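Chain naming follows the written order as A, B and C, and within any one chain the residues start at number 1.
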Amino acid sequence: MSESNQSDKIIEFQNVTKSYGDHVVLDALDFSVRRGEKVTIIGPSGSGKSTVLRILMTLEDIQDGVIHVAGKPLWHEEKNGQLMPASEAHLRMMRKEMGMVFQQFNLFPHMTVMRNVTEAPRQVLGLSRDKAKKRALKYLDLVGMTEHADKFPSQLSGGQQQRVGIARALAMHPNILLFDEPTSALDPELVGEVLQVIEHLASQHDLTILLVTHEMQFARQISDRVCFFDQGKFVEEGRPEEIFTEPREERTKAFLSSFLGDH
Amino acid sequence: MLFGIEWDTSSHWAFAVSILPILGKGLLVTLQATVVGFLLAAGFGLVLAGLKGMRSRLVAWPARFFSEFLRDTPLLVQLFFLYYVLPDYGLVLPAFMTGALALGLQYSAYTSEVYRAGIQSVPAGQLEAARALDLTPGRTFFAIVLPQAIPRIIPALGNYLVSIMKDVPILSVVAVLEVLNVARIIGDRSFNYMIPLSMVGLIYLLMTLVAAWAVRKLDERLPKEGIHLQ
Amino acid sequence: MKTGRYAGSTQQQARPGPSSELLPILIMDILTYSGHLLSGAWITVQLTLYSSVLGLFFAFVLGVGRVSDNPFVHGLSAGIIEFFRGTSLLVQLFWLYFALPMIGQTLGYDWRFPPMLVGTLALALNIGAYAAEVVRGAIQAVAPEQYEAAKALDFSPRQTMWRIIVPQAVPEMMPSLGNLAIQNLKDTALVSLISLADLAYKAEQLRNFTQDSTTIYSLLLLMYFGMALVVAGLMKLAERYACRWRAGGSV
């Protein structure tokens, strides 16, 4: 990370602070991700690691600091050389960079699989019905859900729903894909099919992936970099081999051993 | 002139002020009809709920049909029916009582559901516990079920009280001098409908706001764990 | 007070009531009455249909306005809802029919609208205000995660509300809207009081003419009951359609 130059960074957090009342979730966080990098965030439950993703997706705001996405400030707008709080129009423009896959899938229950994937490209990007459908079929094929295109989410298993969730995010052609514990809500036997899809995406060079997960083995397999997050800070980060085999920090060691002990 | 009270047509304001006591007399009738209608609805509803809940289908099904029939037909028509048909069979009631009876019947269909829902809201475990303690069915109902159902029943009944109040103007069709009828008569005689009818609208708005507030307060006051009956 | 009710009492004795054994006469009566009542029933059907559709429109506009972040839109919607829920329907009907033309007259306009229009409008505003609360409740019951998913896909707030949130709130509304549709059908009877020749009006006319209260009002109650069953059936069908995406269909 140290050798990368400024323009390489597609995401950059500088001194970002977020708290709920007295509870500090992000404590003057500095953090950056290179274009095309696959980064996994691990850490104890409730430590606020999902908050990093949610702030990027603009689902939650920040109290202090600056975030840059693709070279532009995310939560701010430059006006007369000064950073002002972002307008809704600016946020909408910035969101185009990113897509998100949720822990609870959050598919639109009243729409078929096909409409779940075509609705945003049609309504937000203004694609024609045919173009949106073509695009949807491409990504449904990628996640292996083409044959279920006419079903409603309630007729699908959790793993299938999550694969649709991934296709839905991809259909917006984001440069950055945020995965918020994508397999935590799944029955163990359904985790594999979702990980397989994510693994396939991880092999694509231009897509930046930020993944929050408890699947350590998987994190090790696909990540360029693993970050251990605890108490509002990144305690330690490095190549997966380093973090998982020889962690430097005591807290990382404790977390990993407790985690491996659980399984 | 109505009820021996003259109105003053010198200005809109003077007119409004001068008819206020007349409307007040109508309002009194409205409130009386509301109360009597509500009491009848609460009583009939209890009977209807009991009948609908009977084990015997010979009783329960006709009761359910009757309740559905009351609920699905207009109050106005039920009122006409009572007012014109009952006397044919020798039962002559004054218009006010006929109106209150119609309100009571129509709303008994709704209140019977309130009782049913309130009683059903008591968890089944409570009945099992009562059985485990060997309480008699009567004791179970009055000491266990009813006290816990009441906090749900009362606010719902309160809402129907407000509904009944809003339906009282229908009684004007059988010449009950409730507030809307009074306002219309004033309109007929003074050729000014706008002021009395608008005043009745405001009076109603005020009454329902106060009533809704009272029901909400009552709901907050009622202990959710139940009311102990002595 | 008694004159109205007993105007036909002498006729009552001359002409056997429905309790007599002269069944064929009763059947003939019912057929004759029905023919007369049907034209009124048609008005009732139209009125129910128009005011329900218009009321549904009001319900969605006001219900969505009620959950708006904009304080003006929120306040205005809440005010309109409270106003029409808080004042009695008959008061609203009379006000639109008797008082509004007078305001128009003062301002120099002709605001004497045909009873059908006044009836439709009053019914729609009244039932729409009640339904708006149903719409609001159902919207607030939609999972907050749905807003997040919509945001992540960059939908505008308006698109999110009308394309994502409101459509999935519909199944939640259906049982209450079904009850309100029947309520609305019943409420149409009140338009007979502003001389609109609906079912109740025709029955009243017939009773004045024949004094055969028992048969006419029984018939009238049955006709309303029948129409209510039809409305309930239609609403059940609509509910099934609205719930088709839910696991296990209906609620």
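Convention: a contact is a pair of C-beta atoms (placed from the backbone, for glycine too) under 8 Å apart; a residue touches a chain by one contact, two chains touch by 3 or more.
Computed from a predicted model, the values in this text were never measured in an experiment.
So how do the chains connect up here, line, ring, star, complete, or something else (other)?
Topology of the interface graph: linear, an open chain of contacts.
Pick the chain whose C-alpha centre of mass, unweighted, sits closest to the average of all protein C-alpha coordinates shown.
C
What is the distance in Å between the mean C-alpha positions of chain A and chain C?
One centre to the other, that is 50 Å.
Return the distance between the CA-based centres of chain B and chain C, expressed in whole Å.
Computed from C-alpha means, the inter-chain centre distance equals 20 Å.
Can you give the whole-Å distance between the Cα centres of chain A and chain B?
57
Give me the residue numbers in chain C that touch at least two other chains, ranges are fine.
none
Quick check on the complex: what are the chain A residues that touch chain C?
57-59, 88, 92, 95-96, 98-100, 102, 104, 106-111, 119-120, 123-124, 152-155, 168-169, 172
Using the touch rule from the top, collect the residues of chain B that touch chain C in their complex.
Where chain B meets chain C, its residues are 69, 71-78, 80-81, 83-85, 87-88, 92, 94-95, 165-170, 172-173, 175, 180, 183-184, 187, 192-194, 197-198, 200-201, 204-205, 208-209, 212.
Of all residues in chain C, which touch chain B in the complex?
Per the touch definition, chain C meets chain B at residues 1-2, 4-6, 12, 17, 82-83, 85-92, 94-95, 98-99, 102-103, 182, 186-190, 192-193, 200, 203-204, 207, 213-214, 217-218, 220-221, 224-225, 228-229, 232.
Considering only the defined contacts, which chain C positions touch chain A in the complex?
My answer: residues 143, 145-146, 148-149, 151-157, 159, 163-164, 167-168, 170, 244-247.
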